Amino acid sequence: MSLINQNKANEGFFKKLGENPATDDFIKGLWKDNPVFVQVLGMCPSLAVSNSAKNALAMGLATTFVLTMSNVLISLLRNFIPKEVRIASYILIIATFVSMVDYTIQAVSVDLHKSLGAFIALIVVNCIILSRAEAFASKNTVGRSFFDGLGMGLGFMFALFCIGSIREIIGSGSLLGFQVMPDAFEKWVIMVLPAGGFFTLAALLLIFNHYKLKKSKA
Amino acid sequence: MNQESLMTIFINASLINNFVLAYFLGICPFLGVSGRVGTASKMGAAVTFVMVISSVCAFGINMLLVAVNAPFLQLISYIVVIASTVQLVEMFVKKASPALFKALGIFLPLITTNCAVLAIALLQTSKGYDIFQSITFALGGGAGFTLALVLMAGLREQLEFSEVAGVAKGTAIVLLVAGILSLSFMGFAGLGG
Amino acid sequence: MSIFIPILTLGLLTLALAGLIAVANKKLYVYEDPRIDQVEDMLPHANCGACGFPGCRPFAEALVSGQVLPGKCSVSSDAGRAAIASFLGVALGAEEKRVARLACNGGINVAINQAYYKGVSTCQAATLISGGGKACSWGCLGYGDCEVVCDFDAISMNEFGIPVVDIKKCTACGDCVEACPKMLFSIHPISHRLWVACKSLEAGDEVLDVCDVGCSACGKCAMDAEDNMITMVKNLPVINYSKNHKTQDPIQRCPTGAIVWLDDKDGLIKGKEAKKIIRKGSRNMGYS
Amino acid sequence: MDFFSLHTNTFKNGIHPPENKEDTKGLPIRQFPFASELIIPMTQHIGAPAEITVREGQEVARGQVIAKATGYVSVPIHSPISGVVTQIGLVPTISGNKAQGVTIKAFPSSGQEVAEGYCIDYKTASADEILQAIQNAGIVGLGGAAFPTHVKLKVPEGKVCDYLIINGIECEPYLTTDHRVMLQQGDDIYMGIRYLMKVTGAKEAIIGIEGNKQDAADSLTKIKPTDIPVSVKVVPVKYPQGSEKMLITAVLGKEVPSGGLPIDVNIVTVNIATTAEIGRLLPHGRGIQERVITITGPAVKKKGNYLIPIGTPLRFVLDHVGIVDDIAEIYMGGPMMGPAVADLDISITKGTSGILVFGSKDVIHTDKIYPCIKCSACVDACPISLNPSKLGILAKFESYDRMVSDFNLMDCFECGSCSYVCPSHIPLVQYFRLSKSRYKRKQALNQQ
Amino acid sequence: MSKVTLNISTSPHLVKGLSTDTIMKNVLYALLPAAAFGVFSFGWNALLVMITTTLGAMLTEHYLNKWYGKLTTIYDYSAALSGLLLGMTLPPVFPLWMAFLGSVITIALGKFIFGGLGYNVFNPALVGRAFLQAAFPVAITTWLQPFLPERFYSVSSSIYAWPFMRPTVDAVSGATPLSAFKFDKVSTEAYDMAMGICSGSVGETSTVFIILGGLYLAWRKMLNWRIPVSIIMTVFVFSAVFYMLDGVAYPSPFFTIFSGGLMLGAIFMATDMVSSPITSEGVWVYGSIIGLLRGVIR
């Protein structure tokens, strides 16, 4: 809740930034077209690795990297790739970056790699990346694609972090591994279970919808 | 080599660790194409079919990669194989049965980006399944996916005739129902250990 | 050397698969005119059926195949129609704007309800229960099925329970024609301004007993109209729009105001001799 | 008990509404006086309206044909009174639509002699001649549906009729017309059966009577003639047993297929009052001029079973029997299926089997409508095993096509059992009637 | 005769007079004996739990409706019924804040979000119970021995744990017959279980009262008797087969049908009108599937 309110307060600031096309592309992904809350894309990782804030952050970073890089590369190559095989080529490009990230994470921290499991590899099939490649990078300049990828990636990370911290605080009484709740706090085991992921995301969507409805009524 | 029995693998993949409700794999089609029981079961069948094919392909590719000592190409080759398989299937269906294509065609590109299919390939490799175990795993995963999809579709058909509260319309209610389904699938945890 | 093996593997794999897809693409190709999608995108996506096709997609197919002209789409803006016409390189095929007209003016202030209807409050449902309670068998019941069915917000119920068509918003899609169980709506070119706002087949006191503004079949309008433009058929005036109907003469002597002039700006205009209705409340229910 | 259902002399499901027949079932049929002016609409039967053959100012005799049938599914109309035609024009009907009609002013102090035609003898006449005679007599189903009887009796090519079932069920609460007819016109009924058996070629006739009319069954058994194979069968009381398909299941244990007719299982059913009317009119070559009607309900002062001329204005009937001041609702027919009356200017027609008058304090007001809680009461009540609950929900969301294709909406004959039992007070029957009419309209539009 | 204005409405013009709130009320009444036995067996603890869930459910229903701008629907008794049912499936020493949370989930997530009474696809009380089971697996399996002498003099401290805090367990904990069998292979007499002389959830121990309540409802035709009959028959047959195969590892069928709230589930949960099928064929299938799943999962 607090995160969202904070973001709402910042909206005026974002609007000012939004006058520049590059920053506009950037802001759009963060808030207005947030890939998780608004476009409802990339559900698998947002639910699967968001049982702790740390996993969520790592996943978010990895996705942002892949998204930005692939956006840039695809934008560079957009005039060379024939239309018929574009999707296959995009996937190939994305898969290359994902493989890189996968091995990087493994090198940095084996534990993290273990807890993220196959989901790093599954970034390949995250609909956000492909949809940005198809909808944006293949039609726009390198610079704009970069900012679009960065914005979308950070928006994704923000959403993941929201879900992850809510689930971690209520489900384990901690945030990023540090205990934030008193000792006697009764942990809600459900929040770290799969069902908790569904419920948390649903609850956040409900809040989003509520504000959207309120806005449309006003 | 993994020594799990085929039965265990199947039950594990389909019920206990249901791909959708426990592993969150294939959520996108789960949310997208679970409106009608008919389409859901077709989608489930299509996914299961692709899963089995890609499982077999992935098994072969993996053997090849291990032979040439290039396991770092795993991910990239899997995705390429799956993407092309799906595209071939799509073309074949479009030609062979336009009616089926109309019903199924829109899902096929979706399957390419269905993490469940890729996950089958990746998981079977990491678990070290042999060819029969792999196929069983793919069948189980597909069955679990289909089961979740069909259950969801059945519930959504009922929801269609409900007065769902305004804020919950759309994805939110589906996620909530999925959460409740996931809760009930936890009951299977006692099965087979 | 070892670096070449993976490159070779992947290269071969990609090559093999690409070749397979290329072959398949050639063998299994199904042609569909890409213009259909583009034209469909240019249409308003209202799927209202005003063009006579089941929806925008079939209309787009017909447009591309040259069966119809873009002017048939009454929902799209002028610019939109022109854009489609220039895209396809065909004539615009402009058609006169048509709107829905209601053949009843018997609001609750002028027409009697003979019974209290209790049940599902739609006209369609009420009609099935002894006609719906309105004393005039042909009259508008006022439950607003047409208002609900109109996708363009062009119909609103006025204070007397009579639907009013906003001719600016009306697209002549015909949904209200279909929805009205009393068949009171019909689609007319906007230039048809002379209009009979009554469908009662009865005459004289039988009509006036139940409705102040019904057509009592006096025939004055038919006498006043030039060139036999109006004929009385089954106690109702029938206007022959192929003759000169641009004059307001026929409505002037109508004693009840059942034949009216529909003006773009001023709305419904009644003749000079039409009795003035000053009642704002409902006319007495029933006979008591 | 669906797993163990043997033939139990009745049909599946159904309901037991309060019968309320005590007030009138002991009262003999009495002749109703003639109104000074009778209004006779031309749409008294299902099918094409009759065509008026008299002109304004013409004098007509009682029993004279005043309108002829227009086509096969149509019957002529006879003058119920001797008098002079004062007006031909639109007259109000129960449906709410105006229809062509004839207004006849009675001759003052007329003896109301009946014009008789040619006698049709069941022994000598051929089946076709009898069918023609039935049509000429203007006979329609007097149970309420008013379907031309000769159409129903015609056995199609290639089909045979084994059983003739005479419908003496009268399952609607309040109504006692058939009961009285069975008690008082037993001979007419058997005469009618002779004609009907000749027409249909049935091998056996069965009179089906509900258990609450045991005296009628006894009286019919007592006078049973020996020259025709006819039997009386008493079945348990349950609504809507008077419906054709339910009756066939109750009496013979046969199921008429969905969308089929009784003749598909070699059966023809005829209402008992219609049978009596055939037996009474055909030997004299007359047409229908009057019918037995139960007038009852809490607001009626002189309840009873009356023989009322067709075309008698409802207002005159009510004046004559006397009603309390604050009447609220009037139904033509029984309370389960009879339509409500909006306009007191309508008149009695051939299809009117009863007139029920309720005062404002007698009307059962429908309480608050709750959402459907899927309690399955309606499913357990529906005599044709539909799923009214699902249909109701679909109707609410206007899925008419699915209602018809997946849930057999068109089989519903609006018996009202589901609405009667619904604890949430959902107006199911109205939804279904609406859905059917919307669906038919859509179909018609699609065909254009 | 004076001229009058009539009412017109659709046929049928008669109604049976039974109404939805009457049905809900009667189901509530039918639950009361078993609930009262729970209070008798577990003391004030049980009463507090049930009152919390019932009031919690009604308050949630009321305020959700109010917030959403609808008329309150607590007078149709369905919220109270769901609340009481939830309370009866909870252990007697369940912390009240958790019980309250459960009742909020029951109404908000199990019912309101779907559009209120009649539109829920799951049994609301079961949604609440499943949520609590997953969220607080320890608290929901902390049982109390029946007929403790002090049950009407003191209240277990875990009952009034601070909201969101872990309850302190001081209760004399008892094992339910099911857990006793599962972990210690101790079988409880079927007779004791039928009479409710065992520990368990607040309202599930007295099988006799539950069956009596079910019989009352079946007699009033407010319960589809096919559902409990098919469930119990399936469970009985299923467990009998296993019992005959191995009488030591598997409990006797009588034990199975009287244990673990099967009766409460079969008679009052599975028969929830809204979420159960309505055709009689569907009902038999539904009952057998529940019975089978029950056998598999246990």
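By written order: A, B, C, D and E. Residues from 1 in each chain.
The definition used in the following text is that a contact is a pair of C-beta atoms (placed from the backbone, for glycine too) under 8 Å apart; a residue touches a chain by one contact, two chains touch by 3 or more.
The shown structure was predicted, so the numbers you read here are calculated from the model rather than taken from an experiment.
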(message) I need the common contact partners of chain A and chain C, sorted by label.
(response) B, E
(message) Suppose chain E were gone and every other chain stayed put; which groups of chains would still be connected through touching?
(response) one piece
(message) I want to compare two interfaces, A-E and B-C. Which one has more contacting C-beta pairs?
(response) B-C
(message) If I average the CA coordinates per chain, which chain comes out farthest from chain C?
(response) E
(message) Based on mean C-alpha positions, I'd like to know which chain lies farthest from chain D.
(response) A
(message) Rounded to a whole Å, what is the gap between the Cα centroids of chain B and chain D?
(response) 60
(message) Taking the mean of the C-alpha atoms as each chain's centre, how many Å separate chain D from chain E?
(response) 50
(message) From the mean C-alpha coordinate of chain B to that of chain E, what's the distance rounded to whole Å?
(response) 35
(message) Using mean CA coordinates as chain centres, what's the gap between chain C and chain E in Å?
(response) 55
(message) Among all residues of chain A, which ones touch two or more of the remaining chains?
(response) 88, 92, 190, 193, 195-196
(message) Give the residues of chain B touching no fewer than two other chains, as numbers and ranges.
(response) 72-73, 76, 80, 84, 87, 161, 163, 168, 173, 176, 180, 183, 186
(request) Could you list the positions in chain D whose residues touch two or more of the other chains? (result) 339-342, 366, 371, 427, 430, 433
(request) Sort out for me which residues of chain E touch chain A in the complex. (result) 95, 98, 131, 134-137, 139, 161-162, 164-167
(request) Going by the contact rule at the top, pick out the chain B residues touching chain D in the complex. (result) 160-161, 163
(request) Name, in rising order, each residue of chain C that touches chain D in their complex. (result) 114-115, 118-120, 122, 124-125, 127-133, 135, 137, 178, 181, 201-202, 206
(request) Give every residue of chain E touching chain D within the complex, in rising order. (result) 1-4, 6-23, 76, 78, 115-119, 221-222, 224, 273-276, 278-280
(message) Under the definition above, what is the set of chain C residues touching chain B in their complex?
(response) 2, 5-6, 9-10, 13-14, 17-18, 20-21, 24-25, 27-28, 30
